[in-house]
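Presented below is the structure to which this report refers.
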Amino acid sequence: MVPLGIIFMYSFGENVSLVEVKTTWTFDNYKRIFEPELMTLLWRTLWISILATAICIVVAFPVALVIATASPSSKAWLLLLIMLPFWTNLLIRTYSLLNILGTRGRLNELLGWIWLRTNDFLTFVGAGDLGLLGAKFVPIKFLGTPGGVVLGIVYVSLPFAILPIYSALERMDTSYLEASMDLGAGQLQTFFRILVPLAMPGILTAFIITFIPALGQFLTPELLGRGQVDMIANVIQRQFKGANDWPFGSALSLMLLYVTFILLALRAFGDAARSKREANL
Amino acid sequence: MSDNPIVSIRNLSKHFGRFKALDDVSLDIHAGEIFALLGPSGCGKSTLLRILSGFETPTSGDVLLDNKDLVPLKPNKRPINMVFQSYAVFPHMSVEDNVAYGLKMEGVAKAEIKTRVEEALEQVHLAQFGKRKPHQLSGGQRQRVALARVLVKKPRLLLLDEPLSALDAKLRDAMRLELVKLQEAVGITFVIVTHDQAEAMAIADRIAVLNEGRLRQVASPSQLYQKPVDAFVADFVGTIHCFDIDSAAQEGDAMRVNSALLGTVKLPSDAVAHSFDSAHSSSAESVVAIRPEHIHVAAQQPLTADVALLGSLGDIAFQGQHSIVEIMLDGRASLTAVTTNSDAQALHAAGTGSPVWAHWSGSDMLLLPKDAKGAFS
Amino acid sequence: MPKHYRNKKKPFEYSKKWSLRSVFLLATLFLYVPIIVLIVFSFNNSRRGGNVIWKGFTTKYYDKAFNNEDLMLAFGNTLTIAIVATIASVILGTCTAILLWRFRFPFKPLVEGLVSLPIVIPEICMGVSLALFFSAMGWLGNTSDIWPFNLSNIMIAHITFCFPFAAMVIRTRLQSFNREMEEAARDLGATEFQVFKDILLPHLKPGLVAGALLSFTLSLDDFIVTFFTSGPNTVTLPVKIYSMVRFSVTPEINAASTILILLTLVLTFFALRIQTKDDSIL
């Protein structure tokens, strides 16, 4: 109980110290956030996070569906298969992606090989001269592009998105689906009108659990973005490790915290509204 | 019964905030009996059990065990043990370890623990199961472990919280008999909490009926059934049909009762509940009642019957040894009567809706207060 | 002759649909290929960082990694921190969980919220606030302290973000505890402490193991918080790898990463073993 008290004081202390640093009551640090340069950065942080989260959920849903409807014996193994990378170090996973995505990395190597073979094939069938695939293989640039960063975030957060959707689908009663079909809905209609809405709480959790860390992503933009696709976390880090502008860094990370709290509050609000609605049924 | 009760409960009350779980309950439990606490859920019977075991402290009143105050003793210091509703058999210990646990806590010597555990397992027919883990046992076996675990401690009082509710119907009947036999063998006083009147009737020597925190009646099962103290008890221990009365007046040895539905009926004095007094004679306070097994059904109007009501034949339910016949009384109410199967078949031939007479004798009826307000035998 | 039907799929066995199966397969490949490539190429006999071409099998980068004193020091630091953080987190987490489960007290929701705060807020906020906290306390990674006390900063930081997770896992386990078990033990004569030792603790064991494992992995994995709270001389393996990656991509990093992956794998394996064993008991 005493240790809890200490930690309680600690978490309190953190907040106090954050406030202390900016207790000159100046809003300059906050004003600086709204300068155009930073606005572009915030905007970029936002759309990269949203895009990555959306991709995660779109991919996670079918994956979760497969696991949830698999036979009980294989379920555990499939789940383990998906969760194993989650246990692996974030930095290492990002690094492993870095390894592959380089301009002369293995993915481009593979794509180049495919390009070559396809071209050979086209030549073989007599269409080689048409230059359908361009005259020369151009390696796709992943590193230092927003696309690479999005891919990186999707890569590290996919397991997070799968888990809540899986547990929502797992709990679902198949009789809802059967009732829907019984009432004349087709497979696709049942999928979109029954399955997806019923899994919505899980999807929302997946969104929160993916989106919040994505906003604060530091490693992915740092390593895969090569300093050209900075997100808010990179700027925060620079305030502390490089520019030594701690108050500004604090203001930025507080911004991030506020966004987190707003999202969580919104969700709690939504949860309350939903349980109220269900209670009325 | 012996004059020296093993447990003596005096003016016991337990309040949870404004809610009165127990309200001024006094009763005695005699050594060597099976005592049942019966009542609907929320009546306070479990609270009473938890006060006996020491997990609740009463708001006021006394609980004496062998004439010594029990209230200040902690649960682990009481010579009282409990079989929990969920059995609470420790999942990470073997059967033996479960049974030995209480003795270890007492600091009994190892060798003695071993023999006593074996003895207890023998008693509940689990001698070969000592090394098993609880998850390898059936529900019934787990209950036996829970029983052995408390029997081994040789408590003064054994509490059983809804002991049969988790078992399926067939096992339940077998366990009823076995519990009674076990109690006879060990001679320990049992207190059983149950909401199932049939269970209480089958097992208990005496039953205390509780409702809304108040004690309604303490009596033997047959007394409870035949001489219920009020309409609530009568209804709770078995089906009974109640009729509002307009007036009731003493007439010699008998009681003359006027009822809108039944007309005037004379009841012999032993049909009047002893809790009935002049205060109950107004129409709003009392009812006359009849149990289904005392109702006869006939196609013709009976020649001699104290009460005869014309109705139409409703559903007939075959119950095995007997049948239950429903008689619709002209839109006001329906009665059920217990008949032989052959009578039921004859009625069935007449067809649903055909006119039938329900009749019975006044001496089978009961004149009951609606609420005896704490009066009990 | 009766009509025969091919064994048709039931309509909602999504796991048997090829379209969904292929998505699953692709997602799994997407998750695994980079890691497998990383491991495979840690054995590549090539000096160049990009190491595109397979040049034969070698373990020399493992030799190199094991002989790299900085790397091994960082590795030792990582393990020490993880072990200390795990033990402290489990103890603290158990206390917190029992406290929140057992007692009612004013501002309980507030305390609950504060305790789970580190779970929900972005890591970088944790890192920043801890760094600020340490500097405000004048408690910077003191280089003059002897090992392992020079790691105390990082340890405290790790405990701060690990123990809420441990508390969460243990609390979930507590929720499945049947209070009648506790009462039964009391009824049989056990004291409060004996109940805790004989009944509650054995029930909690799977939760404690899961909590410990989670704490250990989180501590092992953490880069951001350590990055912000570590001094120049207190480096953990992830931080070390990060600084190496910043310079160049070498097979040595691959080797070091592989070691860390292997460690995680072994841990997960043991955790699963313990967990399934416990499940069969309960």
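Observations on the model:
As written, the chains take the letters A, B and C, and residue 1 is the first residue of each chain.
The working rule: contacts are C-beta pairs under 8 Å (C-beta built on N, C-alpha and C of every residue); 3 or more make two chains touch, one makes a residue touch a chain.
Bear in mind the structure is a predicted one, so any value in this text is a computation, not a measurement.
Relative to the whole-protein C-alpha centroid, the nearest chain centroid is that of C.
Ranking every chain by how far its Cα centroid lies from the centroid of subunit B, the top place goes to A.
For this pair, subunit B with subunit C, the centres built from the Cα atoms lie 56 Å apart. Centroid to centroid, with C-alpha atoms defining each point, subunit A and subunit B lie 62 Å apart.
As a whole-number value, the distance joining the C-alpha centres of subunit A and subunit C reads 19 Å. For subunit C, the set of residues touching two or more other chains is empty. Interface residues of subunit B facing subunit C in the complex, by the touch rule stated above, are 53-55, 74-78, 80-82, 84-86, 88, 90-92, 101-102, 105-106, 133, 135, 146, 149-150, 153. Put simply, subunit C touches subunit A in their complex at residues 11-15, 20-21, 23-24, 27-28, 30-35, 37-38, 41, 50, 52, 91-92, 95-96, 99, 111, 114-115, 117-118, 120-125, 128-133, 135-137, 160, 163, 217, 220-221, 223-224, 227-228, 238, 241-242, 245, 249, 253-254, 257, 260-261, 264-265, 267-268, 272.
For subunit C in complex with subunit B, the touching residues are 178, 180-181, 183-191, 194, 198-199, 202-203, 205, 281-282.
Within the complex formed with subunit C, the subunit A residues making contact are 1, 3-4, 7-8, 10-15, 17-18, 20-21, 59-60, 62-63, 65-71, 78, 80-82, 84-85, 87-93, 95-100, 102, 104-106, 109, 155, 158-159, 174, 177-178, 181, 187, 212-213, 215-216, 218-219, 223, 233, 236-237, 240, 246, 249-250, 253-254, 256-257, 260, 264.
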